[in-house]
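What follows is a set of notes on a single structure, which appears directly below.
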């Protein structure tokens, strides 16, 4: 809803509010009442009640002259009463994102190009890689790049320590594995839970693990795909955010499947990152809710 | 949201409420307040504000022990204040639907099969056709069938009069042109405005008019499609409800395109009818809003 | 290629020839030479050499005044020299097809409707089911229907014996499991090898086994699908013929996934049967070659 | 087909041969005979006879120790006898490609990234633009870039003269309009006939001309798309090479449709260029044949 024409131009904040709690009657009315109290107009609203977990999820976009503290004050009785998990942010604020990569550049290129074109609301203070291959590409986009080989357990531990240090240093909100070809340690998975997205180059749950295109060729599937999912310590089992497929036929070699699949990987990962940055991805147990 | 466990089992109605009005602040809160007042819980909610027309649109599903009159009474102050267009119905009530057909049976077969399988919430008291071809098929599903040739202006007028009579007689809420191959008169279009859906066998706005598959072949398109849209007196220009496409290549003859396209026609039409019957289709000027 | 205008109209046969052999030089020239010798014109031709198995595969459509014996005589030196597996048939001859079903009617309805509409080149002398549910539907299409409960090992053995008897009796070329919900015995799988097609209600290799839609819901996938494949004694592991997917979101219950998936099951199975009947499906080890 | 193991390793050329002629009997046998005579093995073969134009089209890939002159000598009697249009090239040779652009970078970025990644068999000696916007991007890929404003008829004539000069200078085989936002003069269209590909940002024939996304929004279509086609003097009417679509809904503004559509534009154009460079695109009157 739009505001009534004000006497004098007032700055309008554009807020995005996400929340979840145990479901019960009256939640929508209470939340919308708090927003009215904070002089807000709801411009976008989505809700979902999970029959699996009994939880209620909501995402709102709100225009209001109210700043953060006024809005939080109005919401406090509601979020307290229903014991809500909630997050309040400004629409369009770029999410601080750390990218991990290896040698394949298609996902990194896609993210950086979209970011610069204004289509991906992230800022990327750093790309970390276990290879130097992508330095020139990342340099071109003016993003700092560091690489360190991961060829021993010690080197892996050092690399992961650098990841956590960078997360702290840059106040990172999202870590993206853009075809980073190392398995994260359980400790790192735990530390990044709910804020680390991986792109797997198959249509999960088919073809988990290594060489999915080779597996797909051997099995003779007629569609290949890509899956963006949250990273958990259970390899390739984290909550799925987005998936895409593309048709192939018998004539494609494993190497051709790799090339064909890269388009799906890039766009699937960039889509997942965009939704996450826009606060459209909520986690409901082993599943995600996507408020598109 | 679900209800709190009641002391004794109470019958819960499941309502679907759609509404639209000029946009303004406070609408969501007012509507949700009326629903709380009528002891209702919102189980599904979608909203949209059209920048083209300045109108606000909303669709709600509500569980409540309140019957129609109690709910209407609670809503009256809100619908009055905002001068709303609104509709209240029970979720799942079958829509009274009249089907017009000619000789091609794929769309009729698809609708009747889904209806009987419980996947299409309509009841079909009558199929009218300008050919007798589909009598056996319609008989099999136990639906009355009438046919009359439309080979002269007089016969066409008589057929259209029978359509309007049947609409009255059966209190018809939706007329479906399931590959009915006659152009409706402007008068009939006007009489059925907003409650008559046609399936056009092309991806509109490409290939309007007759023989779209022949046109598609001549133009050498690589995808063919189907479009379900509201019927208006402006041929093939009514608001679009749903579209689908399928890939083809140079080797397909016009006749093969016809066969390939039939799948898209059937599923596109059945999908549009399902959404309409579920009150998920709202009209915003020349466009539709689909609350899936 | 078309023929030169003949002095007098001659009946032209339309042949489809499929063949495979160990790859080597000169095969295409030899085959096309035999066809020229039999006064044939190649109207459609596809070939593929499998790097996995080293085999060469070819499918040809040929117009010729030559009958079967003349064509076979011309081909004999070629098929002998390369030790070919080959099959010669008339284009469009309906394949004798036995359908097994249980209670779900969507695949059976789709096949029967397409068959009658002239879009599926099969003839179906019999539908066998372990339930009586679909009798009316099958009756409507004028196809004989038999049902027998499969509730004990003895009943299952009797049912399978009836299948084999029917295969003999009707000279069956293809057995279709149209959502037949019993696992075939290894003996029956072996007896029907290469001529039995199943529709699995998931995107294989994901969600093998029972209740794939429930599994898909639990895993939170964003696309669900269907897979038509040859039946082997290794459950859900036979060569894949065709797959399709459709997008779903978090709001769908397992029951809704079932309903949504049925469209993909029907069209995937009918497509696979059509290609098989047109001799477009060749088996290359664990994979299929589809000459569309 | 592969060769028999040779006594000593021989260099094998990998040829791609495309040809077309008036259809008639014996062509396949004659062509395959010439290839056998030139010690070649056919590794890929596709053919099509157009019922619209009566022409026969063929594309072959051939491995052979024979060089160009030996192969041409063997083919000469065949190409003469049937008065064939034909082209012989080496598989994988990069096509000399001139790119024209304006301010939008997504198509140029996609082509340059794929080219460098080895997925697009072209070499790009020059990008010409009527704006300077993309200079940095093109520089990064090490490709020469020239820009000149096109703000008057004289400037347009000068720009087009530079295009033709560059075509000569670099022996250009393909000109790609990568969202070049000027209409080519009829003279330039004629000069580049059959070797100039444009990406149109709609699903043609819908929404020809300017601002297709605005048109698509106004019409309320449920899918938007992109079309790669040969440029002719008849605007947006040249033979279509490839098309893709993506689903959208009522909530998308024209500006969002632009962003969503860019993915389809990039991949559709790159796909068309790839097929053209691989000699998989043949023109049959107003239509294309794509030998994928």
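Note that the chains take the letters A, B, C and D in the order they are written out, and that residue 1 is the start of every chain.
Rule of thumb we're sticking to: a residue touches a chain if its C-beta (ideal position, glycine included) is under 8 Å from a C-beta of that chain, and two chains touch if they have at least 3 such contacts.
This structure is a prediction, so every number in the text was calculated from the model and none was measured.
Residue numbering shows that subunit A and subunit C use the same positions for more than half of their mutual interface. The distance from the centre of subunit A to the centre of subunit B, each centre being the mean of the chain's C-alpha atoms, comes to 36 Å. Computed from the mean C-alpha positions, the centre of subunit A lies at a distance of 42 Å from the centre of subunit C.
Chain contacts: subunit B has no residue touching two or more partner chains.
Under the stated contact rule, the graph of chain-to-chain touches is complete, every pair of chains being in contact. Taken together, the subunit C residues at the contact with subunit A in this complex read 48, 50-51, 203-207, 218-223, 225, 239-245, 249-251, 253, 284, 286-290, 292. Against subunit B, the residues of subunit A that register as touching in their complex are 1-4, 23-29, 32-33, 35-36, 41-47, 49, 54, 56.
Within the complex, the subunit B residues that touch subunit C are 105-106, 109, 113, 117, 119, 136, 140, 259, 262-263, 267.
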